[in-house]
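One chain, subunit A, links the two complexes that follow: it is found with subunit B in the first and with subunit C in the second.
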Partner chain A sequence: MMRNDPIKHVFIWPAVLVVLAISIFPLIYSLTTSFLSYRLIPPIPPRVVWLGNYATLLQEPRFWNALFTTTLIALIAVGLQYAIGFGVALALNARVPGERLFRVALLLPMLLAPVAVALVARMIFNPTMGPLNQFLSKFGLVNLPFLTNGHWALACIIAVEVWQWTPFIILMMLAGLQTLPEDVYEAAELENASAWQQFWGITFPMMLPISAAVVFIRLIESYKIMDTVFVMTGGGPGVDTETLTLFAYQEGFKKFNLGYTSALSFLFLIAITIIGVTYVALLRPHLEKRR
Partner chain B sequence: MSGQGLTGLSPWSRRLVAAGVLVWCLITVFPLYWVVVTAFKTPPGVVGGPTYLPFIDFTPTLQPFIDLYQGIRGEFFRTFLNSTIVGLSAAAIATAIGAMAAYALVRFEFKVRFGAGLVFFLLALGGYLLFNTTFGFTRPQALLLAFPIALIVAVAANRLPLPGPILGNEDILFWFVSQRMFPPIVTAFALYLLYSEIGRLGFQLIDSFIGLTLCYVAFSLPIVVWLMRDFFEAVPIEVEEAAMVDNVPSWRIFFGIVVPMSMNGLLATFMITLAFVWNEFLFALFLTNSRWQTLPILVAGQNSQRGDEWWAISAAALVAIVPMMIMAGLLSRMMRSGLLLGAIK
Partner chain C sequence: MLRRTFLMLTTSLAMACAASQANAVCSPDYTGVTLTVASQTGPYIASALKLGADEWAKKTCGKVNVVEFPWSELYPKIATSLTASDATFDLVSFAPAWLPDFVPYLSEMPKEMQSGKDWDDIEPAYRERLMVWEGKIYSQSMDGDVHTYTYRTDLFSDPKEKDAFKAKYGYDLAPPKTWKQYLDIAEFFQRPDKGLWGTAEAFRRGGQQFWFFFSHAAAYTNNPNYPGAMFFDPETMDAQINNPGWVKGLEEYIRASKLGPPNALNFSFGEVNAAVAGGQVAESIGWGDTGVIAADPKQSKISGKVGSAMLPGSDEIWNAKTKKWDKFPSVLPGPFMAFGGWQIAVPKAGKNQKAAWDFVKTLTSPEVSGQAAITGGSGVNPYRKSHTANLQLWSKIFSPEEAKQYLGAQSDSINAKNVALDMRLPGYFSYTEVVEIELGKALAGQTTPQAALDAMAKEWNRLTDEFGRAKQLAAYRAAMGLPPKN
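Right after this comes the complex of A and B.
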């Protein structure tokens, strides 16, 4: 039942005002700046170039490289997170022995500062003194270039992302699994369906809406990745692991190229929107079938 | 809820699954164990190669923490205080006003004309350009002038029968949550420019408590509104209806009945927001430089300053991590009661 009482405005306006002021406000500001040629160092007075910044950016290989790197990290990391997270959630839900003990430990990583996690990762991935090197050298793999080779560094960043964010998927999928009705499984039991058949026939389709939402959240969040890369490799070697946010930071905060950076962040926004809309469009037929 | 999906498995497969979970658990815990152990090592204990067991492999020492406290590696103590102050106040403010907005969205009906929203955006943009280019105001001045005008006109326009769709509560909620989708770099950079131009007018926002807290409040609100809406929807409406029959005003229903009933949810939301603010890096990187620097910035700086001084790096990382470890323990208790169930539906 919905009430109608003038006091509702007192309730909602503080939040609306703060969000308007802090997010829409700068949006207008940077949208207009993105049409200017505007630098602070060396100072160039603002000059209107309309879409000039965007055109330059689209021809800039470094931009496409950053976009590609970010997409690669996001897709692989989220894919792995989903596979591992769903698996662990299924196991926990099935009351694997020692399940209570696992729960706290498994949730920990997602609450820790990515910066601190990245620092720890740097030590673990150290090619000479790190524990991973010690472990791998037992198999004859000594001094692997974990963070100094482009491909290895990407793999390490993805590993850290998976380590940190799989708990989020576990948490959400576990909550979802607990809402599934039990009688369907009892019926399947009577039909002698194997565990494998039960999973693909019942669990997976019924978890699809939650899966879609969880993967969507992680995908969008992964595109913003910055702190982990900033600490682990700083975008290097070269620009091999440079993500979009890091690229924008370098341009904006190191070179103070204001118009260019604003255009870059808007392209980023457009890219995120395209990805989000495509994702929803791809999944909609599968989700609606079930309703 | 017993044994779904695993019932058809043989005992051997069950053991296999348990082993798999155990392996993942070890992978999760090992880095944490590593950082705790390393933080108590002496320099020789680090350089000699990886060691794992205190008192057997190496002799533990408290020296890294004493160094931290004495400020040898940057002003850790004050930064810790900064993080705590900003985190607690931003989380408290965001939870308070976010909960109020969420309650309003659950219990009251809102109608916003799409046209009014458009009017707001166009007037804010146009007014800003007009004031800036024609009347020669500085950019923040122009923005600060255009914003209230656009808002007032838009609120008035909402009463007119404008063409176009009428947006309801669901759409307002979506608007709140969609703020979270924005890449923060868009806002962080613009906010940095805006803050520094306002600073030139004599009101310092960069590297200030107000500037940082305000920004964190705005960026926590989407999560708060999203989570709190579910908690409020779970409050039985009959209780509120009974109070309304007795003519209890709405604000007293909210503060006297609804808030106490959803205390658990408020607490969990507060903690999640606190964790988010505590760990946040990008905004702090842009908006602070010395006085109000937060822990993640200082911790990230340890890297370049002290390449291989792992005992110091570990101690620093540990200081940033431990408060959240404690929170994880508290949160996981609440989660067992199915707290977050509603949030994902």
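Right after this comes the complex of A and C.
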């Protein structure tokens, strides 16, 4: 087949059309809707408001609160997941006895549905009937308001996130650790480098590219947190634990405020893009040093 | 050849006989028809629908497929299906408050169903008010919902408790007539060291919380001198939710939250029932399910000790017109038709509308619905006169005294002259969402009751303007049973 053979179009265009149909067109439709005042219930005819929805959202304290809450959950949860996950991966890589059993057991939380995890967590954190409070009451800590106080509720959500998603970090980091060359460590041993020096001088820098990728994936995923919050607190008390996705869900699927929700989705996209770009820009000098 | 013809004839005759027999059993015959009903996740309501489905299947040979969705998902699922005009559901079960949003997509109830013995048996509060929208019937009540008061008779009849209570508060321990008395009783029985708390109500966002708040406020805002002005001024559609009556209601609701079990702020109605049936609280308010569950020895520790009464009231009610408190010669009970009872309707887009309405007839017949009403966990509370009149029916779960009190509370509440109707308005979720958010803040002490209510009123007025004030006013007046404004 020649490079300019028109037959190539027969093979290319169906794929292009499918991509357009399932990805680009909905995105364009959603962008168009974001410039409209458009409610499905009660039915209000669409009216062009241009950037009106965006302006309203940017002046809406609830939006900023949701952005702050989501960022807080994402940063703290991913930070803890990375620290714990890397530590556990190092331990598993050191060939501890029963390593295989640990590896399987530690991966289990990741395989569970977030809704199921959240339901179990809600029971565990129940102040009167939950086992956690029963245990803590033996130390004089009676009926802690785990899910009814804003700060406690956020901490509980973060704890559940860390419990469920640290295994992902363990899995990825362990895979990375197992690809590191042995000879570098042998050379370090000959130089009498301590375990701590080996970690900071060899392991951490060599694991930086995979760390960057893993943290980036988790960060983006954490910004999309919805089911855990929905089940555990419903965004409450008040809006103390309301995340961006939950806010969008309330507006879109409870109030059917389609224009506003579309604008919210695009602001969410912009926020994620800014975070992603900033993250990559901050890490780039360190990553390029490794090349 | 002759033999073969004879055989064929005999077979045909036998088949015809069998078919006619089947038709006689299936009346009307809906063999091959499968109806799909949207319901909230069981057992509440879904189990009642399944009970009706079994009866309908026996009667008509048709099938009913009950599709269950979690409560929080039900509205979006139904709304999406209706607005898309698809035929996913032949029937939808829903909250009366959603009716204004769904009306454009629902078929009207057949005229023949709107008369007769079974029709007249439905309590007028449902038949003439909740089932009606702009003079037409689009749905049928399949459950009756009014908030009532539940208490532990063993505590209330204990002479020691009675003496101690009188010594402390200066009046007899009895089901409260006012909300102040309700809070006194809760305070009196607040004994965490003994595993006993005062009261249980729903306070959780998304956990039917705001209906409990509305029940408190109804006593101070549903003024018979200016009917229909509980939520909005029926002349101007200005939000009333921040008037002094509502402030008093909210202050007392917050006070009740502090007189419940430690986890009360996370209580939805399910937890309220568990606390009552577990004997954790001395009193409670809520739907009729509480009394039925508490009476069931399989589910309850206080079976045989369940008392019921109407909700407390007030002798002072805020008048939204004069902007003053109206004083009444005696305490007016404040029953509130919280939620109002599940409705079932047939979408216009449905392909089996005749069969669907026939299923509604069976489901809501006095016999089938009566059975559902006495089944704990069915979610069906009395909505027919025959439900509350038939004491024998209730003797299966209640003692005679319990039954008398329970049915008396239900019947008196529904038929009270001053019974407050729940809000039904297009864009209902938009209105109640802000209530839930601000209630959460007020309950957590992050804002004052007045500030929380001011925020609600501001958002309600903004929403009313956005949806069209005249349109919303007309809808509100229709929901409150007021004539259209000229």
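Definition applied: the second predicted complex is superposed on the first by the 271 of 291 C-alpha atoms of A that agree within 3 Å, B and C clash if a C-alpha of one lies under 4 Å from a C-alpha of the other, contacts with A are read in each partner's own complex, and residues count from 1 in each chain.
Keep this in mind: a residue touches a chain if its C-beta (ideal position, glycine included) is under 8 Å from a C-beta of that chain, and two chains touch if they have at least 3 such contacts.
Quantities reported herein were computed from a predicted structural model and do not represent experimental measurements.
S.K.: Regarding the shared-chain residue A:Val120, is it in contact with subunit B (first), subunit C (second), both, or neither?
M.R.: A:Val120 contacts subunit B only, not subunit C.
S.K.: Which partner does A:Ile41 reach: the first (subunit B), the second (subunit C), both, or neither?
M.R.: A:Ile41 sits against subunit C, while subunit B stays out of touch.
S.K.: Spot which of subunit B and subunit C makes contact with more residues of subunit A, would you?
M.R.: B
S.K.: Looking at A:Val239, would you say it contacts subunit B, subunit C, both, or neither? Reply first, second, both or neither.
M.R.: second
S.K.: Let me test your reading of the model: by the given contact rule, A:Phe253 touches which partner, first (subunit B), second (subunit C), both or neither?
M.R.: A:Phe253 sits against subunit B and subunit C alike.
S.K.: Considering only touches as defined above, state whether A:Gly150 meets subunit B (first), subunit C (second), both or neither.
M.R.: second
S.K.: Now for A:Phe139: first (subunit B), second (subunit C), both, or neither, which partner does it touch?
M.R.: Neither partner.
S.K.: Is there a shared patch on subunit A that both subunit B and subunit C touch, and which residues make it up?
M.R.: Shared contact residues on subunit A (touching subunit B in one complex, subunit C in the other): 129, 230, 253.
S.K.: Across the complex, what residues on subunit A touch subunit C?
M.R.: That would be residues 39-44, 62, 126-129, 142-143, 145, 147-150, 230, 233-240, 250, 253-257 of subunit A.
S.K.: Note which residues of subunit A are touching subunit B in the complex, please.
M.R.: 1-5, 7-8, 10-12, 14-16, 18-33, 84, 87-88, 90-98, 102-109, 111-124, 129-131, 134, 163, 166-167, 171-172, 175-180, 182, 185, 189, 193-196, 198-199, 203, 210, 213-214, 220, 223-224, 226-227, 230-231, 244-245, 248-249, 252-253, 258, 261-262, 265-266, 268-269, 272, 276
S.K.: Residues of subunit C touching subunit A in their complex?
M.R.: Interface residues on the subunit C side: 72, 75-76, 79, 83, 100-101, 104, 204-207, 261-263, 265-266, 426-427, 429-430, 433, 436-438, 440-441, 443-444, 446, 466-468, 471.
S.K.: Which of the residues in subunit B come into contact with subunit A in the complex?
M.R.: 1-9, 13-14, 17-18, 20-22, 24-25, 27-32, 34-35, 38, 46-47, 49-50, 52, 97-98, 100-101, 103-105, 107-110, 121, 124-125, 128-129, 139, 143, 147, 151, 172, 176, 179-187, 189-191, 193-194, 214-215, 217-219, 221-222, 225, 237, 241, 244, 249-251, 254, 275, 278-279, 281-282, 285-286, 295-296, 299-300, 302-303, 308, 310, 313-314, 316-318, 320-321, 324-325, 327-329, 331-332, 335-336, 338, 340-341, 343-345
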